[in-house]
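Some structures are shown below for you to check.
Presented sequentially are two complexes of subunit A, the first with subunit B as partner and the second with subunit C.
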Partner chain A sequence: MARNLKTIGRSSAAAWSSAALEHGAVPWLLAVALATAGPHFAHLPWWLSLLVGGTLLWRAWLWQRRRPLPPRWALALLVVGSIAAIAWQFRTLLGKDAGVALLVVFMALKPMEMSSRRDALVVVMLGYFLLLTHYLYSQSIPTGAWLLAAIGLLTGALIRLHGGPQPVAAVLRHAGLLLAQALPFMLILYLLFPRVSGPLWGLPQDAYSGLSGLSDEMSPGSISGLIVSGAIAFRSRFAGEAPEKADLYWRGPVFDEYDGQTWRARALPASATGQPPVVEGIGEPLAYSSILEAHNQRWLLALDVATLLPPESTLAPTLQALAREPLRVRARFSFASAIAYRANVNEAPAILQQALALPDEINPRTRALAREWAARPPEKIAEAALAMFRNEDFYYTLQPPLLGANAMDEFLFSTRRGFCEHYASAFVFLMRAAGVPARVVAGYQGGEVNPVDGYLVVRQSDAHAWAEIWLSGQGWVRFDPTAAVAPSRIEQGIVAALPQGEPLPILVRLDSDWLRQLRNRWEAANNSWNQWVLGYNPQRQREVLSRLGWRDPDWRSMSASLAVLCGIALLVVTLWTLPRRLAVDPVQRAWLKYCAELKRRGIARADWEGPLAFAQRVARERPDLAALTDEAAGYYAELRYARGDGRDHKLRCLQQCVRRLPPRRRKRS
Partner chain B sequence: MRPLTRQSPLDEILAAANQVVLGKSRQTRLALCCLLARGHLLIEDLPGVGKTTLAHTLARLLGFQFSRVQFTSDMLPADILGVSVFDRERGDFRFLPGPVFAQVLLADEINRATPKTQSALLEAMEEGQVTTEGETRPLPQPFFVIATQNPSNQIGTFPLPESQLDRFLMRIELGYPDHGAERALLESGGRREQLPTLTSRLNAGDFAALQAQAGAVHASAAVLDYLQQLVGATRQDARLVHGLSPRAALSLLAAARAWAFTEGREMVLPEDVQAVLPSVARHRLRLLSGNHASAEDIAALIRAVPLP
Partner chain C sequence: MPVLASLQRWLFRLRRDEQLPIVLGQRRIFIVPTRAGLLFALVLVVMLVGAINYNLSLGHALIFLLAGLGIVAMVHTFHNLFGLRLTPGRVAAVFAGDPAYFPLQLENPRRQARRALEFSFAGQTASCVHLPAQGRAAVAVSCATQRRGRLDPGRVTLATRYPLGLFRAWSYPHPHWSCVVYPQPIRTPLPASSPTAHADRLHGDNGQEDFAGLRPRQISDSTRHIAWKAVARRTDEQPHLVKQFAGGASEELWLAWSLTPAGCGAEERLSILTGWVLAADEQQARYGLALPGVRIAAGQGDAHRASCLQALALYGEKPENDRPQ
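For the complex of A and B:
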């Protein structure tokens, strides 16, 4: 007997993994494959999704019919074909998208050759790996929740693989319990593990192509295209009271070059770059911080005009706050801004020169109108233009007619329907033609306070363009021609300004109160998630630790306390579970459970009856249960009464006996 | 699954014994256990059910030097222990060893002898040596007494006192043979003639090795718990005059180990304790009514103590 046991112990690991995969465990692994590969369908090419889905369905069908798996050469053909197709589709096998596509194909094809437990383990490990790749695409709350559920499923698959047949609910409960036990360690690691600065998920370069936001040029339709998106551009929180909506001009790119169609932010002339911008705030500056979504540009969208900037950023000569690098990840910045200001009173001549430049020989009627006004002082010229927008029949609409070569002439004198970009560019054209230095400023206007967390939310639909003219003695002064046409755009927002029936995203145009409330709650939750989970950087970690009373932690003391706290947590868990372990011997529990199951099947063990005696009685009275009971009693007798040797294996065997009992017979009619 | 039990060298001996003593395999096994556990055996039953045959068979199969004493009421201790006689040629007293100087002493109808003779034998059983005329002589090793006795309610017997019954590890009863065994007996004639033809299945020293192995059978904490609970139950039972002594508990454990060993197992199970309990406990337990505990009493005791 002893020799027998030793051989079992030595070779059990190898024997376990090379043993055939149980038929009942296959659905778990197919579920794992679907749960980990499935969400990638959203961005995979359609044919690949079809291939993966079809393969998994095929495997499920083979499982259900208990058909043999396809031959090796067929699988090899399938693998080579898929790799070739991926290489053709992505023009590479490297990089994020092609790499993930390869992994997904492997995940779909591995179950096709899954015949041993080792293969099943490969599927599970591949599942864990594939799970992580989802973070390359999305780090939102639903993704996090889905991945957590998938981890539960993976754990369940492992439990099922090792534990033998058992009810699904029991497996999932077991998996949940295991994950719950990991929770304290997760929290300790989250809080204390030394953070690296930079994003949690370093993405390859091709990850940024899909970011939306203002671009560095403006042509008709570029802002109205942005406005139909309800996506959040950034969130701000003011230290004190938030200013009036009409004062919320968030400065983005400044356009000072016009070619008759498109406004561009020109590279500044060399003479201007030497001169730092001079801003003189009037009144108390407003302190606030913004959490900017990634937009792949350098501007930080500070409130006009920033007087105090976050570190590592500068105020450009054109008065917008600029980061050193394009913003590729969501980030948090603190500013102070003055709503009333005098900026660049002594502007560089080169910039003023540029602010008067116009393309030759277009828009003759507009130029003629401007020449009429040219004699007046600059303020009067601006007022005249605004009065024209206000008093004549100009309309504010997202669907303006298309304009031809003389765009300003057509807009000002015939179509008269336009959006902020039309009004701003027409206004600036008029000013420049009348000899007043002027430029177009793009950015966001307004925003909406989310009552749930108090953040002012600014969406892409708040994108706006306005004008600035330079007045001697006052510097650059903002004029918003859109306010003259549609005052409600500035005072109440885009929804109030646009007539019914204009296309606006449902998220922006929310009529029902509860939907709006639901959106607010969801966005506030997202904001917390962004700040506390995704944006939990070294700085944030220091803030949290100092709030917990730990000033100035360095990585050494953090690592040390990490180890100590994990040790304490382990100790607590051990002490908590140890007495119960001692009280209820798992061997005894398993045997009593087996006996209880037999009692349900009509044969009860007397409490004085020893295992072998009981097995003999079962053999006499219930031959159908004899073999299994003999086995269970043998394991129990060895576990309880023999010297310890290979106990874990025998205990598992005993526990499996319970599960292997045939289902109870229903009462015969 | 691997069988818990395996082939044992004792199986062959038991099989051979069962060829001679028909239909009594359980009692044969118990008797063998008793010897394996280094204990003396008391076989109690009516005359003529095969007590002597069983004892004789075991002794021959195990290859033991064997002597037999038929106890009578006029027997003296010297008749068992031996006497010193005067040797004329040497001019000195010479000790003539009695039948007790054997490896197996079959003491037939021990309860026919007077208490004085009984106690002389029992001293030898306990001490493993004999003291006569101021000189102590060791007995051969191993030394077993297999005593038979008639039920004590028969006329002309001196029942063994409690303390002396305790010297016997086991007391077994043979009972009448069942129908088939008796028919086989009738058809083939008496069994006594077969005895001289039996040959030993063991070499010298083998039995000592078997005893050592039997003594090394593993008794886990769980089974010791159970044994203690059983013994404790006898001490709390209001129908009994007294419970089992610690020596009885030791005997019970030794017997259970031997029983497990004859089953070819390397550990003691509660079943083993239950199997030997009647033989070990019945002659040690006396009811308030004055009788020894019956088999039913012991069965009830077993049922009253759940496995821990």
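For the complex of A and C:
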């Protein structure tokens, strides 16, 4: 018997899945393929998008004309050909992009051999998987919304596949209902599922392509290239009042090596730097936290200069906060910084020596100018340089002329048009040539408070480069030559400093108020999305749970409460979808109530007894109740079986019959 | 394996349904994931590993939503059967070799439709039904027949995978029903008829040849004799009129066991007799049936034909009310 049962189960399962696919279900599956593979067209090679689109169109044409599917060998040829082409295009079959391309090709070709229900199921499952791959490219709010709609479509395809022909609207409504009921489970799991921070294994090389931000070297054009992007670099919120805009110098990479063209950060051996950096903050430190977008570098862009660092990070000898690993996902860090400080008063000689190094024999005119100033004290030299920038006709522009081999000479004495990187490097060159230890600091300057959520938003367009020189007794002191040329850049931001007509991202240069407000709202929504949805990592999970009053949650207690909450949600969903008791007809209810009352008085109606027959029996057996029962049965029979007016009145009369029954006699003991 | 069998009887509540209508409660609905459901779970696990590896927060959300969807699908698959009411209908007799159809009246008391309900007997083809919200539908569950006799098809397997196919819920309603399976007819020439003993009815009013007028139809009259032309003229008249015939040879045809060719097996004889009954009925002869221990007096009409065929079907079988549990 057991074997019997089992074989029956197997044969029916096999019969179900090998049954031919309904003609009417095919468009659903093509829609699934399009909805899950389509958004990838944005980053797939053009020929692949063409292949996928063409294949799906072909399949739709075959469906419409009810033509047979192409033979298997042709499909096999197509599959092998596209795999080879992908391997050639990406130079690999592993990796993120190649893997996604393969999945998309399978998704496009599977409908071509889709003849049974099993094939259709494979298409939907592949579709669910493909949905995940979209998040490798974007996790924005629109992507989330689009994918929610796509899940609805996929679920609808499953419903159509299993439920036979139905109106499209009914299928989608049912899918929406299922998704709505699945939402509580998602929230519980999202909140409580013990998070593991990845990666579990080494990620392919191309996993972090496409992250933008400051680079670890600076050549002419590297920062002005960044500035045309309106993308957000990071957001900060201060515990107290935010400082003046002119004090907001966010420190990134420090460049102390120059080869005549490019500034680089020289990695000094730990032995050369001697002691850890010594920072003495002046005044109350400012506490704040930043949410950094991934930029694939280690610097954390703390406000100059950080005095209190988040865990897992260090203060580099060059005074910037560094994470242990390059920042590959958006993350949140808490700092305290002092905007007035004395840093590394006893600087290591190796660093000072590096801060004086210049390539030989270039920029003779600049060197000559510096030699004129060399006799003065270092502060005076710096002031002389700033005065030169301020008083002579230097211009601040994003589109400076190209510079040749003696870049500093050309800039200082002929072109005189440049951007922060030109001013900072010219200033540092002058200082070094005059014998003052100096270096270039890159980072961001300024930022704009979004009034919607109070976060200070710093964009790539706020990228900046400045200089700092080392003065004995004071340590490293910041000098911003750009401020001398274009003070509005520091006080009001990049838009005020640049003349009209300079290429700036449209969103940075927003004149109309409502557009600006719209952008602020959108970015505030994005910020909460980033923090609550995208930034929900193990650390954030612990924070949230402890804020909910759950101290020290570990994975065991989290799993236990997860199971309990899911059980409760399951119970609620089950009860919610339970077939509700149908509303009993009021006529029926009144009659049943009357009969129940008679039963209490000693005469019960049998299930098979009609109202009039029952009344007759009551008349025989209980003459005292005969008249009333006859009346009630009459009303009931009329309401039930006759048409006519005055139904409401009759119903009321029937209901009153119950009340008119004589009170029950107590049994005498 | 008696232990396993009794375990299954306990687990699946394998017994006949005594109360009608049969209402599917939670204790008799079973549910397990299908292969598609297992594949779905596997896909979710792979997706979770991917989401953890690439730190995709939204990917976690997607996976959790799909996991929730799986749980909800289980509840919905269960509810697709839960509370369904089934009433078995009358089973029409069939000839051996033809499929027997066991009708079920389905009633859906809830406000949502139930879709893709599959009814089948063990190892037989399934019939699929959609039930509208608060509606009724009828389904005939087919069962192949091989031999004559009383066919007990056993329990019905009522299964569904709706809505998402991730789970299969099933139940085993087992109404008291059976089907009389007539022997498969073998057509051979009819035996010669013998004149009836009642000479006075030789030219009676119940012949078959000459049209003698119309009279109101009685239940026992064959539909073949309804005067359709007359009915078409006066459609509102009930009952219909039937054509009455007179004259002709009012002979009695005795279809007897003893007349079947010697040397045939019992089943073959029964098949030959079945063929005779059908042929005699087609010729609208008066015929009687004589089997060892069974004798049906000569008669005519559908009811007579049915009782003859039933006698042939159940020849040598135990009476129906002896129901083994």
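Rule of thumb we're sticking to: the second predicted complex is superposed on the first by the 555 of 669 C-alpha atoms of A that agree within 3 Å, B and C clash if a C-alpha of one lies under 4 Å from a C-alpha of the other, contacts with A are read in each partner's own complex, and residues count from 1 in each chain.
Methods note: a contact is a pair of C-beta atoms (placed from the backbone, for glycine too) under 8 Å apart; a residue touches a chain by one contact, two chains touch by 3 or more.
Quantities reported herein were computed from a predicted structural model and do not represent experimental measurements.
Participant: Is A:L132 contacted by the first partner subunit B, the second partner subunit C, both or neither?
Facilitator: Second partner only.
Participant: For A:N537, using the defined touch cut-off, is the partner it touches subunit B, subunit C, both, or neither? Pick first, second, both or neither.
Facilitator: In the superposed model, A:N537 contacts subunit C only, not subunit B.
Participant: Hey, is it subunit B or subunit C that touches more of subunit A?
Facilitator: Of subunit B and subunit C, more residues of subunit A lie in contact with C.
Participant: Contacts for A:G81 in the overlay, against subunit B (first) and subunit C (second): which applies, first, second, both or neither?
Facilitator: Neither: A:G81 stays clear of subunit B and subunit C.
Participant: Answer with first, second, both or neither: which of subunit B and subunit C does A:E638 touch in the superposed model?
Facilitator: first
Participant: Please indicate which partner A:D607 is in contact with in the superposed arrangement: first for subunit B, second for subunit C, both, or neither.
Facilitator: The answer is first: A:D607 touches subunit B but not subunit C.
Participant: Using the superposition on chain A as set up above, list the residues of subunit A that contact both subunit B and subunit C.
Facilitator: 1, 4
Participant: So in the complex, which bits of subunit C are touching subunit A?
Facilitator: These residues of subunit C touch subunit A: 1, 4-5, 8, 34-36, 39-40, 43, 46-47, 49-69, 71-73, 75-76, 79, 82-83, 109-112, 115-116, 118, 120, 122-123, 126, 128, 130, 134, 157, 159, 161-165, 168.
Participant: Provide the residue numbers of subunit A that touch subunit B in the complex, in ascending order.
Facilitator: Contacts found on subunit A: 1, 4, 606-613, 630-631, 634-635, 637-638, 640-643.
Participant: In the complex formed with subunit C, which residues of subunit A make contact?
Facilitator: Within the complex, subunit A contacts subunit C at residues 1-2, 4-5, 8, 11-13, 15-17, 121, 125, 128-129, 131-132, 135-136, 139, 143-144, 147, 151, 155, 158-159, 161-164, 166, 174, 178-179, 181-186, 189-190, 193, 195-201, 203, 207, 328-329, 533-537, 566, 570, 573-574, 577-580, 582.
Participant: Under the touch definition given earlier, write down the residues of subunit B that touch subunit A in their complex.
Facilitator: Counting only subunit B, the residues touching subunit A are 1-4, 6, 218, 220, 222-223, 266-271, 274, 302-307.
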